[in-house]
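In what follows, chain A forms one complex with chain B and a second complex with chain C.
So, the complex of A and B:
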């Protein structure tokens, strides 16, 4: 599969760029943030730990290239450094938080994509009808920052009406683990964050699909399907199957945007995912943690992109023949 | 050269109206503000009243003044970032699309890499390393945002350039012996105007979101008033949970309205580029007055071909009756 190989190459390159940015950035910045940081930590940590921090930020004059090689070598061993404020290895902190984020954002994105595409297909089919008034409304929702919509939903449906539990990912009186009470509680606490991410992101899918559908309906094969006397439902499915391809091709690009927005939703809901952690890290200037989070988010998004590409390849036979040539 | 004529649909007019309102607010907002937004002279935590239209913060600052003053920083950074990013994406997109070959491969790879890296986390990493005094500098922040926001536009512009590259008029210019940069600048670029405009609107939209988000998590200087800073203070004083809606709802609505305005105008541009969408964007009344069928039939996507969409169009029905 040449296409997959090419995409893999692209993502490998992207991962390398992200890693390199992570490495170079602290060394480029004026005013040496690391010195400031170490100055702040003086007296709170042992000299040994200060040395470790210096090492991971290149404050040791060990030559650029050799530092870089050491850095990448450490990454391959899963060593992301030690969080300054939490005092634990960044990789073990992330191991606890990343599953929450992947679950929350993954499920929301799948729901939003499916519902939005379906609604967009309907809107495109029934263009010119009253349903078109939905479009400015959807646009408005799309323009609201994710975190703001999350805040408003939290206020209205969480604290005011009390329909949904607020803050956190599960109730404090269940024990985490694979038991029924815990899973139910996680689902219950996840409802509101999921709904607000879906609401913020659905308009993009909907509008893209609508526009593609309108273009697709003008194609000959749709006319042919009608002329054959296919029932309307089948004709719609026919057109929609072709109209959805660009959406899926764009899926891999959109994931990055959705993740960026959704991280802040976690923050609003105090969800124990990466978003909340990122805020704490930023507030405390915990550079190893910020960088570790950036790296892990980037790698996760790249994996998601790869999955989207594979799905696209499976759905569109044309790309397969091109790849075979 | 086709100039950009927006269809005069209600959507576009509404969008233009909203944008005009906020542009005026950007220009005169700081003068209109009744109080100094940072002054802590008033009774804290009061609701909206005749003196303080949007109430006061828990430090006793006037929220309405903060909103008016904050409009400028928000819009200036967004516009700056949008312009720089669009200039970047045009340079890279047109060069990649027109020059082709290794240049294209290299530049496409570059934009694909930037597309694949999630923008906000990258922005946060870069911004957290900025010295504190640059964080209050609108110029620096705008540049950093544009660095993460140009790739999508470059991709779209590259595709468009490739479709223009082999048209006759470009071929003619090449045969005359025009220089390559001249062909790109004066033959290709003007024809990219609608796509360029749409990409500018999108980048401005992205930049507003990015800037407000950075401010909201406290990564820009909190002494510069913008809509994100207001939200930051509201959030850190627990305004959402203590029912002080007048503190955090107005800035959010303003952000959403600017975004809606940009997106609505963008619909107009989309309809300009794609005539099939233009016909689909009409209301049923306009449809009737143009002689288009009310219910669109399959296989016949009506295309408006008049010079001024939405005004007068010779239609099939009229042509048939003559």
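So, the complex of A and C:
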């Protein structure tokens, strides 16, 4: 328990540092959002209007420290400011987009991890068999640039063969909400993006697990499992249980990238997620929105790491001894 | 499906349909009978014969020591015999009969380990033959509690036991090797080397097997712990009467524990004798060399000499005796003819050396012609279990 508490403290510290950097970074950049906005209005503003804009963006001359305190205070109230280009509160924009990205990429990552790890364990156990041809196949799909793979799949299976609906996250003739038609439509529209992501990322999980599995098979405890007369399935579990540990560490990294890694997927499939939003925000120099997205990304990475830490603690007792230090 | 952990014997496929058992209803006095057993690494041109034509019998409840340098084939022999040898090891000849009994000591049909299929092997493993490996740290699954290792074995082989009974059995076993039952809730890395090895021994005895294989169980331990473990093993053997094959390169250790010792060199048995006879009156120059490489656990200090040179390349064995190039007593004949393991006239022991062949031209060196004292350090196996 002490161990977990210590970790939580560490994460709180990291989160604070990330939030602070998030606060400082835009202030170190040349130009400022208000100037950008005024510039966009092409001089057709009166000084009064400029003042009004400044006020609405909270640009009150308060100095660095008081700005910072205000910023932190606003954060705790869930207030991330107002988007310059979209004119809506950043928090409500994120509330609409983040679930799409987390759902799509998160589910894809988990499917890819589970299928890849299972296949890797089998490939490792039966190394040298004909199943080994799966490896170059999977590596091929990972080697193709995602943009290309996604587009080709969209063209072939979406437009040409018409097996999957294309463009968007759900059909235009269902009403968003917790109703069956909507959920079914979301799943249906998600199929092709999910398949393409899994296809392009599965090789890593598979190869990692296979190689660890081969290492583990050489270990004495696997020989012991055989010597004990355990059924083959249990022997494989003995090896896989240990081989999966490095993959778990990698999974935490992959989950951390869920929010930020979605850009290409969302562009190809015109999916309404954070990746697309970030691109727009950067292009329009929409600082409040950029900051808000960065904050979400940071917090996702931290949460993913925390979860991975806890899972790792649960799976590998050797990491628990650190608590005694 | 290719299973990397099981030796693919070429005969396996051919014989798997045939019956694996031989009609012999009475319980043999031997728990294990090995005939003309050979093991190769690899096949075809890259093949290396790691164990060559080994035959041996292991009496019930007796301790057989297998001694030799690294690479002498001692571990390969024992792992192949129990079908635990990993690829590319292949059993190329011979057979291994395991004469198993049920819990009440009634003979069951003997199992031919070389031809047994996976299912038959599983039935024999651990309940009749268990193994203790050199490094208990790597032999215990690092992510499992000690109790789980016991539970798993009991659950697999004693399905009639419930959870509480399994836990009780595990506690009894741990107490038996002098450990606190609370150790069951620990992970391997939380225990000392000696404790882990005791756990391995307790685990090996979990199902009351007839044969326990010890692959250098004390090599990784300090001498004091080594001493304790050996005493413990001796006591347990006396109490439960299981037979043991004890692999080590430390001959002086074997003398204390073993009833009979075989000395292996370059994949062959070069000498076989009762432990004390071998210790006091070695007949093979290699045995003598091994004895001079280790300090005795008891008795007067003596100079440690070791054996000059290194073992021969198994892929390129010399003509004649494999040990000739390192032998201080080498003769003309040793380079030409390969000696065979031959029973000696004094009885009860055999050696593979031209020096010991009756009518050999050269006289036997005095070191290899000692007369053993009759007294034994330990009672023989027959006395121990009566």
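For this structure, a couple of remarks:
Definition applied: the second predicted complex is superposed on the first by the 270 of 325 C-alpha atoms of A that agree within 3 Å, B and C clash if a C-alpha of one lies under 4 Å from a C-alpha of the other, contacts with A are read in each partner's own complex, and residues count from 1 in each chain.
Methods note: a contact is a pair of C-beta atoms (placed from the backbone, for glycine too) under 8 Å apart; a residue touches a chain by one contact, two chains touch by 3 or more.
Just so you know, these numbers come straight off a predicted model, no measurement behind them.
When the two complexes are overlaid on their common chain A, residue A:217 makes contact with chain B and with chain C alike.
Applying the stated contact rule after C-alpha superposition, one finds that A:11 touches chain B and leaves chain C untouched. Applying the stated contact rule after C-alpha superposition, one finds that A:85 touches neither chain B nor chain C.
Contacts of A:20 after superposition: neither chain B nor chain C is touched.
If you count the residues of chain A touched by chain B and by chain C, you find the higher number for B.
By the touch criterion stated above, A:229 is placed in contact with chain C alone, chain B being left untouched.
By the touch criterion stated above, A:144 is placed in contact with chain B alone, chain C being left untouched.
In the overlay built on the shared chain, the residue A:179 is in contact with neither chain B nor chain C. After overlaying the two complexes on the shared chain, residue contacts for A:305 are found with chain B alone; chain C is out of touch. With the contact threshold set out at the top, residues 127-128, 217-218, 220, 222-223, 226, 235 of chain A are in contact with chain B in one structure and with chain C in the other. Residue ranges on chain C touching chain A, taken from their complex, read 1-6, 82, 84, 86, 118, 121-127, 130-131, 133, 135, 138-145, 152-153, 156-157, 187, 189-190.
Interface residues of chain A, counted against chain B in their complex, comprise 10-11, 13-14, 17-18, 21-22, 25-26, 28-31, 33, 127-128, 132, 135-136, 139-140, 142-145, 147-148, 151-152, 154-155, 159, 211, 214-215, 217-218, 220, 222-223, 226, 235, 252-253, 256-257, 259-261, 263-264, 267, 278-279, 282-283, 285, 287, 290-291, 293-294, 297-298, 301-302, 305. The residues of chain A lying in touch with chain C in their complex are 125-129, 217-232, 234-235, 238, 241-242, 245, 315-318, 321.
For chain B in complex with chain A, the residues that touch the partner chain are 11, 14, 109, 112-113, 115-122, 124-126, 128-131, 152, 205, 209, 212-213, 216-219, 231, 235, 240-241, 243, 245, 248-249, 252, 255-260, 262-264, 267, 270, 274, 276-277, 280-282, 284, 287, 294-296, 298-301.
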